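Each of the two complexes below includes chain A, the first together with chain B, the second together with chain C.
Coming up: the complex of A and B.
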């Protein structure tokens, strides 16, 4: 009898605790919903509408018309291609340069902290600042440091941001410059945590430096490498400010990755319906890429 | 020692010095290890035994001295060229490889054909009885199994030297005893020179053909375990070897007698002067006439009793086969025979020998 009562009390107490917990979480949850979920839902809703501030008389439900337009839009496919080039090359370069630097710095017996501090500097700069600073100080024809170097070497002057291919190379360099330190820091921390005796065992097993790198360092670094790829790919896919500040997507559309194209359609051409559809396409692309990368990550870490 | 004729695996160290900054880790190590020997480097932590092993492996380059293996100078040879295999204290297994890949790694690095690797890995794994686990990874194994894997990786390449760095220290007590026997058996069947670092003297005593006792970067004594146990050269070795180690009791020799506070022991021919008398706990008995003391603590070891007795400010331990309890605080008298003791010079800390002592059995 009394045990039944105690049981009921316990249940009432548990229910009370649960209510209280929900109450505590609710404000944060509501803010989160209002600032992330609702805008995304609104974006998706807009992508099924015709909303064109230049031609407001055409506004209304469009169904899949925006998406049909996208499939036949060469500018979209062009921007998608640029996004792939931009993301692929920046991620690979960040990884290779970051890993190379981390391996080098690891050999320095003292003063590694200095490199860690300097490495943080580009990361904490606002991308707009980075884009402007590269445009004016580094890439400017005749006055920029890179042009100074090429002229000093007798290679002449190149209008880096003014011609299509050099402009694409330039924005890739800018992004790589800003974000390689991230890869460097993550990989350096991961490298420093690898146990020394594995390398000693490998040396006794007659593994050369190169084979120690291939057979021990790389496999053990794999989780860190995959994390770096995931995080860097996310940033590169949604890059905007540095490119916008440096080239504005130009010359022409030479550096107009999908994010910039969606922005131009929405805020220059004022076609919010189609712009929303492009943004949804970028969202789907980002989710697909990250989902794929996460699957690689979990597939490899199994027993 | 194995009965087989073994011709390779002789290691000679001459005056090996190793500094870490201003700290002198090895102060001139001289050592000769015979082919096929099971040789233990014994000492407390920080005594230089592991550093010596790492010099032999080539993982540390000595600041002075040289090392010969089978008559060839190897002091500066890289680790891979020395044909030695090492078992690390934490095993150092490659966590991302299966056991098969771990054990086969040294062969793969040597460019051995795949089919031969598979056969030799099987063979090595069978010798340490892990051949049923080859598809697993180190993380899925118990400590004992990881230890066997490290052993298999060492034996698979048939090196001329095995280096074992505290290989049993991460195992629990029961497994340690079993593995100890197995290591001895493995050594007997392979006949490869084995150098074994340990801080556990019981391990060294039971397993090694000979051992070197390290202290503060120097070798205190080299010899067979029974020699080192029976006749420690110095007070430091005497105070380290045995569990519990030898009792060291100050006394004065006069006229062929050792004078203790309240007791005399006849020692014909012993040199006169101040000495330290060393006597093993098992050689002391309770008697009516003997060294007076007060029982501080008695520890029941199951099949024996360990008594801690305060003798004029010196803690003396004795082991008695009789486990009947004695009340703490009881006044007792301790006796031992002149033939069971060693004498040490308190100044030089070295053992004092005299003719009558030399002639005893």
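Coming up: the complex of A and C.
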């Protein structure tokens, strides 16, 4: 091979490929830049402004005022606490119930498809409709089935969405109901793809079912579990429609997670400056949580 | 598969079956109950304890499609919005994903990371600046504005999903065809595209479902002229507080497309959900 020319050809080819690659990604990335990054930059800029659509004569540069207001705002800390409770509890419940279900369904020799079809149902429904269904058909006093069930059991009527703690429990139940099938389906598929021979070896060693689960299944499932946690945490952090439809953040602010608080400040109080600062806080929180989870994921897949 | 591991005893089998049936019931119940309620007359609905035996009527469904409670125009809006978003997203995402997955793309890691981060932006962080921007340029409550906003969540997701499909094609497929720019494009069109039809199908289903179900952007940036079914359903409850049978019927009509797609494309949806997770850390 005449090495000089072949080398030059290959370099020309590689350069051509690079140009082609840039040409292909450019439209999508430019659209992403324009539709996501520019508005986010605007959001951050606005968080340093006073923008109040109800009192536009006060508008102007505010420096850190919105962030100072945030640090002294009990409603903000309250919503942050609710966000932590909501995200933590829904993710843990989805994971535990989803994994338990996947292990259970794996034991059922026939009819696994039935589970897949039923599991799809909550996932494809619009969260706003899920919130409405639960608010009316399930939780409504004198109408909903849960109210009917608690009465039939002699527990009396609980005003599920009308009193603070039951309302928080309710929106957590609604979210868990809708998204556990996701964890279930992902973990079921992962379990089905685990290598059978490892289990054979463990069985020959007379390892108990519990030990096999702890020492074989869980470590092999780790990547899938971390993925599920990441995706479920992202969904929970940006949850809006189901809560908005079921309780509207209420009663009072009992179910007003940071997402809904930033929304209310902006669109009900029309304080877009402070609302922007709250949204920036949520953005930072989301990126920090996902960054942390991704680190766990890569740390685990090291060797 | 696992049944060969151990033969379950009869009692065990019974317990498993009962537990399984219970779970299926819980997942299906709100929708099944909505079907029951939607077939009741308004007076029947208010019966307490709830009646299960009654004379079913289709009146509520007729009212959902015609008359002053009709959501027909919202259905049309949702169809236009979701279809336009899906088509645009696929056209932009497939070439980009191809470059990410299979070509020597400069700064690939950085650009991939950027795409991933854009996917994580909480929607409320976008709806606030978008309200001010669209208001200023006069695009509030227009298809152009709404579709632009919908790209913010559909595009990163579609790129991400398509990359996993493109990485699975054997590399020899297109190598032969790489000579000049023209044949590169032909290779993408004739060699790669037929291979990833399945992946495009899965992505189409997901993007369409997400666009159909979107609520936050629609309620705040649309609402009057552009009122998709999700917003219509929410308005229904605020205006018609207690017409629960009609609400159930309208909600079922609004959700019928996604329920049908969900059941028909069940296999594809499970695949889309699990792609990456099952491959286990190997994607990025």
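By our rule, the second predicted complex is superposed on the first by the 278 of 303 C-alpha atoms of A that agree within 3 Å, B and C clash if a C-alpha of one lies under 4 Å from a C-alpha of the other, contacts with A are read in each partner's own complex, and residues count from 1 in each chain.
Everything below uses one rule, namely that contacts are C-beta pairs under 8 Å (C-beta built on N, C-alpha and C of every residue); 3 or more make two chains touch, one makes a residue touch a chain.
Being a predicted model, the structure only gives us computed values, none of them experimental.
Visitor: Here chain A is shared; do chain B and chain C fit on it together or clash?
Guide: Superposition check on chain A shows chain B and chain C fit without a clash.
Visitor: With the two complexes superposed on chain A, say which partner A:172 touches: chain B (first), chain C (second), both, or neither.
Guide: After superposing on A, A:172 lies clear of both chain B and chain C.
Visitor: After lining up the shared chain so the two structures overlap, which partner does A:243 touch, if you call chain B first and chain C second: first, second, both or neither?
Guide: Touch partners of A:243: none, neither chain B nor chain C.
Visitor: Check the residue A:197 against both partner chains and state whether it touches chain B (first), chain C (second), both, or neither.
Guide: first
Visitor: Now for A:259: first (chain B), second (chain C), both, or neither, which partner does it touch?
Guide: Only chain C is touched by A:259; chain B is not.
Visitor: Which partner does A:216 contact after superposing on A: first (chain B), second (chain C), both, neither?
Guide: first
Visitor: How wide is the angle at the Cα centre of chain A, looking out to the Cα centres of chain B and chain C, in steps of 10 degrees?
Guide: Angle at the centre of chain A: 80 degrees.
Visitor: Looking at A:31, would you say it contacts chain B, chain C, both, or neither? Reply first, second, both or neither.
Guide: A:31 sits against chain C, while chain B stays out of touch.
Visitor: Among the partners chain B and chain C, which is in contact with a greater number of residues of chain A?
Guide: After superposition, C is the partner touching more of chain A.
Visitor: Touching A:206 in the superposition: chain B (first), chain C (second), both, neither?
Guide: first
Visitor: After the superposition, what is the least C-alpha distance between chain B and chain C in whole angstrom?
Guide: Nearest C-alpha pair, chain B versus chain C: 7 Å apart.
Visitor: Could you pull out which residues of chain A sit against chain B in one structure and against chain C in the other?
Guide: Shared contact residues on chain A: 203.
Visitor: Which residues, counting only chain B, touch chain A once they are in their complex?
Guide: Residue positions touching the partner: 57-59, 78-81, 84-86, 88-90, 92, 94-97, 105-106, 109-110, 136-137, 139-140, 153, 157.
Visitor: Which bits of chain C are touching chain A when the two form their complex?
Guide: Residues of chain C touching chain A: 1-3, 5, 8, 16-17, 19-20, 23-24, 26-31, 33-34, 37, 45-46, 48-50, 92-93, 95-96, 98-100, 103-106, 111, 114-115, 117-118, 120-133, 148-149, 151-152, 155-156, 159, 178, 180-181, 184-185, 188, 209, 212-216, 220, 229-230, 233-234, 237, 244, 247-248, 251, 254-255, 258-259, 261-263, 266, 269-270, 273-274, 276-278, 280-281.
Visitor: For a test of understanding, state which residues of chain A touch chain C in their complex under the given definition.
Guide: Per the stated touch rule, the residues are 13-14, 16-22, 24-25, 27-29, 31-32, 35-37, 39-40, 42-43, 46, 51, 101, 104-109, 114-130, 132-138, 140, 142-143, 145, 148, 152, 177, 181-182, 185-186, 189-190, 192-193, 199, 203, 223-224, 227-228, 234, 237-238, 240-241, 244-245, 259, 262-263, 266-267, 272, 275-276, 279-280, 282-283, 286-287, 290, 297-298, 300-301.
Visitor: Which residues of chain A touch chain B in their complex?
Guide: 195, 197-198, 200-207, 211, 215-216, 219-220, 222, 303
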